Amino acid sequence: MSGNSFGQIFRITSYGESHGKGIGVVIDGCPAGLTLDESLIQNALASRKPGQSSITSARAETDSYIIQSGISNGITTGAPIAFFVPNIDAQSKDYEVLQQAYRPSHADYTYDMKYGIRDIAGGGRSSARETIARVIGGAIAQMILNHYKIEIVAYVSQIGTISCTKHYETLDLNSVQSSLVRCPDQTISEQMIAAIEEAKQEGDSLGGVITCVVKQVPVGLGEPVYDRLEADLAKAMLSINATKGFEIGSGFAGTKMKGSEHNDIFYKEGDQIKTKTNYSGGVQGGISNGMDIYFNVAFKPTSTIFKEQETIDNAGNPLMMQMKGRHDPCVVPRAVPIVEAMTALVLADHLLRNRSARI
Amino acid sequence: MSGNSFGQIFRITSYGESHGKGIGVVIDGCPAGLTLDESLIQNALASRKPGQSSITSARAETDSYIIQSGISNGITTGAPIAFFVPNIDAQSKDYEVLQQAYRPSHADYTYDMKYGIRDIAGGGRSSARETIARVIGGAIAQMILNHYKIEIVAYVSQIGTISCTKHYETLDLNSVQSSLVRCPDQTISEQMIAAIEEAKQEGDSLGGVITCVVKQVPVGLGEPVYDRLEADLAKAMLSINATKGFEIGSGFAGTKMKGSEHNDIFYKEGDQIKTKTNYSGGVQGGISNGMDIYFNVAFKPTSTIFKEQETIDNAGNPLMMQMKGRHDPCVVPRAVPIVEAMTALVLADHLLRNRSARI
Amino acid sequence: MSGNSFGQIFRITSYGESHGKGIGVVIDGCPAGLTLDESLIQNALASRKPGQSSITSARAETDSYIIQSGISNGITTGAPIAFFVPNIDAQSKDYEVLQQAYRPSHADYTYDMKYGIRDIAGGGRSSARETIARVIGGAIAQMILNHYKIEIVAYVSQIGTISCTKHYETLDLNSVQSSLVRCPDQTISEQMIAAIEEAKQEGDSLGGVITCVVKQVPVGLGEPVYDRLEADLAKAMLSINATKGFEIGSGFAGTKMKGSEHNDIFYKEGDQIKTKTNYSGGVQGGISNGMDIYFNVAFKPTSTIFKEQETIDNAGNPLMMQMKGRHDPCVVPRAVPIVEAMTALVLADHLLRNRSARI
Amino acid sequence: MSGNSFGQIFRITSYGESHGKGIGVVIDGCPAGLTLDESLIQNALASRKPGQSSITSARAETDSYIIQSGISNGITTGAPIAFFVPNIDAQSKDYEVLQQAYRPSHADYTYDMKYGIRDIAGGGRSSARETIARVIGGAIAQMILNHYKIEIVAYVSQIGTISCTKHYETLDLNSVQSSLVRCPDQTISEQMIAAIEEAKQEGDSLGGVITCVVKQVPVGLGEPVYDRLEADLAKAMLSINATKGFEIGSGFAGTKMKGSEHNDIFYKEGDQIKTKTNYSGGVQGGISNGMDIYFNVAFKPTSTIFKEQETIDNAGNPLMMQMKGRHDPCVVPRAVPIVEAMTALVLADHLLRNRSARI
């Protein structure tokens, strides 16, 4: 009800603020008997972490976690699994300037109006540090997906005006992690890095697009009519900080096609029913059809910039503000594991929900 | 859990199939003391109805409803409000051809795989006829919004390759209903009608984009972190049949801007805090900031076309199929009231949820 | 949220008032592929129906239902199953006297205070007529239980001061339906009937106790720690009109035993693990252990009596009131199918929830 | 869904095992602007704590908690409030004997069957140590109730065969905490202590009854028809370890009264509408009527006893077992704050839910 939980059967509840004690997540509804694979958690956290390179924030967050419950001898017990990640390197004094000012396009003003109280340092719950909870929850969800051999890979397909226009099937998705900006097209990757560095020099920021691909999805996931798989994916993506859009399959471009071009023709190959094209993006009538699911997520340019900006304080007085501190000029590369995590959460939940589809 | 309900406090539950007895909706959580305004329901149903003109389906659905509960002397009592809309003009024999065939890009195959049983005629639950439940629920929700003076207007901003590129603030949104295709730009409206008629001649179909604008939204709606207002709007929109994308505020285009251009600068005008630009689309940190909310929804071209198509039957045998029956070559204009209804449902729910934000 | 739905995965939503158009129920989350057995529904409705004998209300409610959705060729499709039972014999004028008066121990006053509006005739939502929704939902739930061979039998074990003190294992539970008061002990049954007739003569009413027994329950149903099976059963029972108490297994009497007497000793019989005694009532740690589940539900004497009573009107003025109309002097026998239905709803839901217990 | 959360708007999620790292609770949906009163938490934890006297367990649990989120400068921020209570004095080796044995009337067998895995030490999630989460959540809930001046007092009204038969209105409820067994009748209190000491000598255990009284409840709490206030209270109580029954108002005894005796006659006193008697227990039609709410909760004798007992191991082999370790011969006194906490959770949730009753 208050928006800190996600999922129906497989459900995470997140808590913690960016500059408080730490970030925690309780994962409820995870089936018993699952072997914990900590490398999945560590890799996802490492990929999300700032301070990875010259183009990301200089904070050296450790992101070491404590498993508080739900695991016995490396196996899930059916009890809620709780993780806690202490905050270590928080520098609240960077935020002192914000005591009264409302940062443009941040959540300062709206939180203040909604709750009548504002947890100043680091943006509190609105900080991207909350996404640690998602990444850990998503890693546990991925362990369920692994039982079904479902694979999720996301990558950066656009930074600012630099786009990777190739279809995902023509890219080597294994190479995503070797790119600093998580773009599997090496030439484009270098252009993206240059663009981010230029923005950094200017004290400015960039946005971009993440493409996510899911392979080996079983047929039948998704609950008509309001909990269609694409509806739950859209919600998951738009719940990530700084996102402004979602499109699945043919997306906005598909609106310009004709039905005769867009319809995906069924055929049988061996035992499997497939479609010749996949403009549907792997979902038909809200239910997965076994083809790849793929979608794009739009990220606005980061609100935190180092150029001087006009704004007002909480009394409505105009002022000029200049941000300090450590912030990425482009958060899109670090959002790749978050997109993957939210995707895994949606799919794990729908896998369990689907267990009640038939008597 | 099974996806036939939408909303948390203000919650609709939908039932019924396109070619069964009818469509019903139970609206639970509507506050007592609200005066029922039936014109809102009738107008929305009329706008959704097929058979309105040469460019829409020839079915003459009456869509007359029965109020089964929850209203006493024209006032809501706090009890669940139930509506039932009998099916009258259903012609199941149009669907006999479908007994075995899987229509391309429809839900036939996925429902069959998920449930092991398929309700053939009219697509059962996957039919757009279910949207009657949304439209009625949305009209009740709008009665709540009227108490807060919140206005929702949606319009068609693209059909096929014909786009209305003007900003919504430069359009006369009062003229939407006078356009057959629900586009307030008269020149573009005519081009859209011509495009739909051409597609109809070809037995083909078109997609498009609906833009939705919400004015007078109170500050403070939306629940961080997973139930951000834009996340719930995205889910609502992607739960509508044939949608492939959602973008709010600057959307996908905003990904190419720099932070210094994209940040919305706060200022005070009289007693009100506003922003100079509104790339945020009226939502910051997942919470409404009082500026207009506006977003786009992408609709694919209708799957039902009258050109001959390849497909397979449920035994996997290839066959050629030719659809008959009465279907719109473009459903986008009729989806306008559905987009408005889903928007109203999200906002009414968040208005009530927000009542617990402060002690 | 507004209390008109029950269950998590297998979930009913009820609507309708006692003297409005009728009572409806939407059953969502029922697995596809279940054969509809209408005799279960008809028997339960017949058992719940007033007008069955001299000791029950003289209303001749027909309770014939319309199936509105979710069934195709006698099989559940996975879509929501909706039933509607029109009101036929409602006599609203019996209720005119109530326009201003608050009937003692009824819901008139509290509904008026909560909602600021009162649906006078028949008590609206607070009427026992709403239990039709439960009985139909419970019958569908029982169809799921039948797949697992789970049997539910409830009976009247006390009316007023007349008690059937025999343990349920010594009674012939097949004979419940042949007793007018649903008590399988024939001697006690006759005493109960006499007591009810005496109360009727006096214009007074009686309460009582229903005992419910569930056999063949699989081990493992119930979700620790807040959704223990007994917790969900307790909620289900206390949601029935006129109930004042619930006890499972040894119940209140067990509080006087010592641990060494009360502990149920495990042993193995063939392949099955059993307990020598069953003071636990078939549930340990909130989870079914495979032994019989049995519990008691307390019903207060019906509030509607025909003796003259003091009360006040909605302006607070004292007045004397005399009820008219048709009402049972004791509703306990008619509540037997309602107790069974609510039990079935809890168990069907937990059977489906348990499908996610293990990977 | 997996039963580790309680409440709808005001909602707690509990995690942690008795012999793991500790117990945690996330409290979501707490309104912003509430002043944290830590004495409420500390008093409730102290009252729940073992090791308080010769009649309770000898464990010296510290129960010191860490506030992890949701509080800023002593005020709730609207963000989830998380508490963690580390386990300090856990002695897992006391539990080694249990590796294979199923303790009679414990959760060992049912957890093992449900999850296929058992977290041996201390009973894992089924341990009463989980109730720390409830007590903390309840203390936060009580802070909301304090805004409405709602008072909750529970006391022990029966231990084994020793009963305090006086009506709660004749007792000095302020003296509950000064009794070792939480019974405000001093003579009975001494008899109860003697009974517990006798049971302790015998290595046996006792059960009992807790009575809970709620004063100053606003009219209007409770959601018909399935979420009646008494239904949610019943669920709350039966979710507590070792409970076997619940009765509200006249309860099981009231089943023997006649309607003319049982009906609570309305009258007006000053501005307030009251009832002359209160057999309803402060709830009519599922909604609070402003009179005191009072109910009884039955607790079975503790399963852990020190007498030798028969049982079987997980292979089904019979064996004799003798429990060691530190356990209370009667947990009922320590359950008093748990009953109060669960009551507060139900009421806080319904206070917030009631904010949507009217437009």
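Residue numbering begins at 1 within each chain, and the chains themselves are lettered A, B, C and D in the order written.
To be clear about the criterion, contacts are C-beta pairs under 8 Å (C-beta built on N, C-alpha and C of every residue); 3 or more make two chains touch, one makes a residue touch a chain.
None of the values given here were measured: they were computed from a predicted structure.
> Counting C-beta pairs in contact, which comes out ahead: B-C or A-C?
By number of C-beta pairs in contact, B-C is the larger.
> Which one of the chains is farthest from chain D, going by Cα centres?
B
> Please report how many Å separate the Cα centroid of chain A from that of chain C, as a whole number.
46
> With chain centres defined as C-alpha means, what is the inter-centre distance between chain A and chain B in Å?
Computed from C-alpha means, the inter-chain centre distance equals 26 Å.
> What is the distance, in whole Å, between the centres of chain B and chain C, each centre taken as the mean of its C-alpha atoms?
40
> What residues in chain C touch two or more of the other chains?
Each of 1-2, 4-5, 8-9, 14, 29, 32-33, 78, 111, 114-116, 125, 224, 353, 356-358 in chain C touches at least two other chains.
> In the complex formed with chain C, which residues of chain D make contact?
Per the stated touch rule, the residues are 1-6, 8-9, 14, 102, 104-111, 113-116, 123, 125-126, 130, 158, 160-161, 199, 202, 204-209, 219-220, 222-228, 230-239, 243-252, 254-268, 273, 275, 279-281, 284-289, 296, 298-305, 307, 309-312, 316, 318, 353-354, 356-358.
> List the residues on chain A that touch chain D in their complex, please.
Contact set of chain A toward chain D: 1-2, 4-5, 8-9, 11, 13-17, 20-22, 24, 26, 28-29, 32-33, 66-70, 72, 75, 77-82, 84, 111, 114-119, 124-125.
> Taking the touch rule as given, give the residues of chain D at its contact with chain B in the complex, in rising order.
Result: residues 1, 9-10, 29, 31-34, 76, 78-79, 144, 147, 352, 355-359 of chain D touch chain B.
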